[in-house]
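What follows is a set of structures for review.
Same chain, two partners: subunit A is paired with subunit B first, then with subunit C.
Up next, the complex of A and B:
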């Protein structure tokens, strides 16, 4: 039973990381239709930012975290301004921004590799590497910290979309860009903010996971794949879907490894098989977008 | 007018010299090709090995070169990709490389062999450790001087003989080399009559190793052998090991010998035993460390030594061959015996037994134990 509860904590923390990356995708995909596979590299840049400020310069954790997230907000905004917007304004086909962002993925990755080298670099956890035991429930300090931060981010995102006018404008653009523009919503502003917010969320994911996996130049792609899988499972229409998708994927991965009677080399394929079955049964993802709810 | 004409002639002559001089240099140099991974997954280890090779060429040229000629290192990036590696090998053959060194992923090195087999170009990997590199393709032009996985497990078992392990666990990653290393560790353990009670895989890109380590904990083995070669995943394993309160002795493959663990696995390493191809107290290693530090200002470690030894083995073979004729160099390399290099324990030497093309001394690996976050001294040498 202790093993089970221990794994629940670990899988929840991992699911929260996947959920944050899925949210990072969703923030861009929902209003623009663009899939940005470079979200994983944004997490990588944030992880290296954490290494620089928190490990090397030993800044206080909240201050370092704040600066890294702010830097990534800026990088997200710049990415949209100089990579995506020129293509959209020139009437490029919808695939063009996706390809341009794939190019940016390589640029970000090589930048990290050139500046910080090929070796993984340490990033400290917020409260050390200790273990917290709450009755039968146990996990690392970092696991509980990840869960707490992710819960706060998802609550804030939900509040933003459901309770604020700016959030409603995002939702309006997501439902019908042309109609939203005719209603006076500034599409450029929404798109810029979407990219900035997406990079900020990806930065948080990178900072939270880096104490476990270290900051290294190849960490982005696996995160991008896991986050995208979580997005597909949860559905691209709703913030809650990203978190739900992340949790389902993480639980499937970790409980398969721990309890399923399959050889260790094959266990990692089980969640992907589940994903295929899931898509066949429910191709829209678990949660439908607002306009399609019946 | 005459002066103008003279000036023009002088300029033309100078220009001709600028063009011809490097050509003449290129024609007189001995070219050694180096295929390395500058951007792919092998970059982490390929970079220091390549730096060791580059330093070796620099040192050699400062000492007067080889056969009275300077040595030129032609470096190609294969991105860790087999297809690109073969293309790089072809490019180096066309450029006149007398010898090619591969410092990349095992599958990439394997693929490059298709070119060196066909073109009969001498080819060696100074660092790859996969046991199958010289057995899957019958390529008499290819040698391997990295320490084999089978040598690593034999050395660890020799060290642990008095510990009387009966039931052990294996944990690896899903990389090609990780899987291959695991296969040969498993074979070595089974050959010694040791039961494997748990065998786990932590895929590259994982964010935790808790489920795998929970299974190891439940199996209650006498020891845990780490056979993975992905550094972040190995750090994850060690983190879960500590978090889950395991006390089982940990014995790691040679990946755990790279110094980066001291920073990314800080606080997790004390007592971890690992096998290494490098003894910093070996006189040849001490000389290399000093010279490299003096020249570059950076402290080298074991991976640099593989690259350095690789170049020096090639140089030794060409010297004995007396020319860069491919057949003569091949025969000379195969005849290498008792070559003392930077790598290996004190007294260990490189050499190729008859019919074998793996040259790392079977009794040349050492065992060390982490003391806190620092690599301790050598506690055991060899596999006997």
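Up next, the complex of A and C:
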């Protein structure tokens, strides 16, 4: 039983990471329709930022975390400004920004390997390597920290979309770009903000997952695929969907590894099979977007 | 007739080159020809039929593994193994394409991305059939009618593969089918209204090009005489996409230029920047999408157009 509960805590933490990556996709996809595979690479950059500030320079964790997230907000904003906006303003086909961002994925990844080398680098967890026991529920400090941060981020994102005017303007752009522009919503600002926020969320995911996987220049793509799978499972329409998808994916993955009689290598195929099944059977995901209110 | 003569001339020249190279250059030359073959068929799928699929390089791998397993584990003779390998590629392509064409836009890319990753997982877990992480090695091409095809003569086989792929794609592109593919790419609703069966066109385009990649993979299997999972990873699927975009998507000449440029670039760059040529790939890719959406062939077209204006 204890073993089971520990697995639940671990899977929840992993699911929160996937959920954050999924949210990172969603923040861009929802208002712009662009799928940005470089979110995984943003997480990589954040993990290396964590290595530099927290492991090398031994900054206090909150300060390091703050600077890393700020840096990534800036990188996200710059990415949009210089690779996406010129294409959108030229009226390029919708595929063009996606391809440009795929190119940026390679640029970010190779930049990381150029600067930090090909070896994995350690990133410390927020509260050291301890174990927390709350009655029968037990897990590492980092697992609980991940869950707490993810809960805060998702609560903030939900509040933003449901309760603020700026959030409503995002939603309006998602429902109908043209109509939103005619209503006086600044599409440029929404897009810039979306990219910056997406990179910020990706940065948190990278920083949180780094103590488990180490900062490595190839860590981005698996994270990007898992995050994307979570997004497809949950549905691109709703913030809660990203978290739900992440949790479903992580539980399916970890329970297969733990309990199913298949070799661990094959269990790596679980997210891929889930992705294919959901794409074919329910491409809209589990949660449907709200209908536009008339 | 004229084009047949031209093709023969190109075949003779490309084959003649094979007899003048040392072993290291032969290796580079063979892979250049194979990459060009792949880029041409991927160009048809991505550039002409407009399907963003990441599975093309996977079918290259499926072809390579299939021929080896069919030859040395099932024990089929070579011609039968080739036919069975092609049949396998066609069946797998249909399995992917029939449901995937219902997906809109970029979702096809994701389904094929998952398929490509799944292939690697299966290779790694395939035990003795796929040789797991170490792959398959220690084999050689069976004799064909008692003749051992080796050295430059095997390069001639690759030249024949390249030119027959090119000729097939050229004919397809000029047929009603090529026009249907372009119509489906540019405006599926309009194509449907003109009587083109959109789903069937997509499925056929995907299946034909995937089978072509499979055949190229079969030829590749005897180039290095070893296959293993890392060769068929996602990196190369991305590289293939970059080749077509940098060269100019939708144009055969573009695919050839892109493949040659991106394949040869690391050899030219590595004395200067070591192993970081992938960074240059990324930068070139972004620059092309931003500044030259028609690719390098678009630059060439512009130059030709300007020459024509100035008498």
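We adopt the following convention: the second predicted complex is superposed on the first by the 277 of 294 C-alpha atoms of A that agree within 3 Å, B and C clash if a C-alpha of one lies under 4 Å from a C-alpha of the other, contacts with A are read in each partner's own complex, and residues count from 1 in each chain.
As a convention for this text, a residue touches a chain if its C-beta (ideal position, glycine included) is under 8 Å from a C-beta of that chain, and two chains touch if they have at least 3 such contacts.
Keep in mind that what you see is a predicted model, and the values were worked out from it rather than measured.
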Subunit A as common anchor, with subunit B and subunit C clashing or fitting: clash
Touching partner for A:87 - first (subunit B), second (subunit C), both, neither: second
Contacts of A:188 with subunit B and subunit C, given as first, second, both or neither: neither
Contacts of A:273 with subunit B and subunit C, given as first, second, both or neither: second
Which of subunit B and subunit C A:98 touches, first, second, both or neither: second
First, second, both or neither for A:119, with subunit B first and subunit C second: first
Partner chain in contact with A:221 - subunit B first, subunit C second, else both or neither: both
Partner chain in contact with A:282 - subunit B first, subunit C second, else both or neither: neither
Subunit B versus subunit C as contact partner of A:56, first or second or both or neither: neither
Which superposed partner A:232 touches (first subunit B, second subunit C, both, neither): second
Segment of subunit C that clashes with subunit B, given the candidates 2-10, 20-28, 38-46 or 74-82: 20-28
Subunit C-contacting residues of subunit A that also contact subunit B: 110, 113, 221, 225, 265, 268
Of all residues in subunit A, those that touch subunit C in their complex: 35, 83, 86-87, 92, 94-96, 98-100, 102-107, 109-111, 113-114, 221, 225, 228-229, 232, 263, 265-266, 268-269, 272-273, 275-276, 279-280, 283
Interface residues, subunit B side, partner subunit A - complex: 39, 41, 43-44, 47, 174, 179, 199-201, 203-208, 210-212, 214-215, 218, 231-232, 235-236, 239, 242-244, 260, 263-264, 266-267
Sites on subunit C touched by subunit A in the complex: 52, 99-100, 102-107, 110-111, 113-115, 117-118, 121-122, 124-125, 234, 238, 241-242, 245, 276, 278-279, 281-283, 285-286, 289-290, 293
Of all residues in subunit A, those that touch subunit B in their complex: 3, 6-7, 10, 13-14, 17, 110, 113, 117-122, 129, 131, 140, 209, 212-214, 216-219, 221-223, 225-226, 254-255, 257-258, 264-265, 267-268
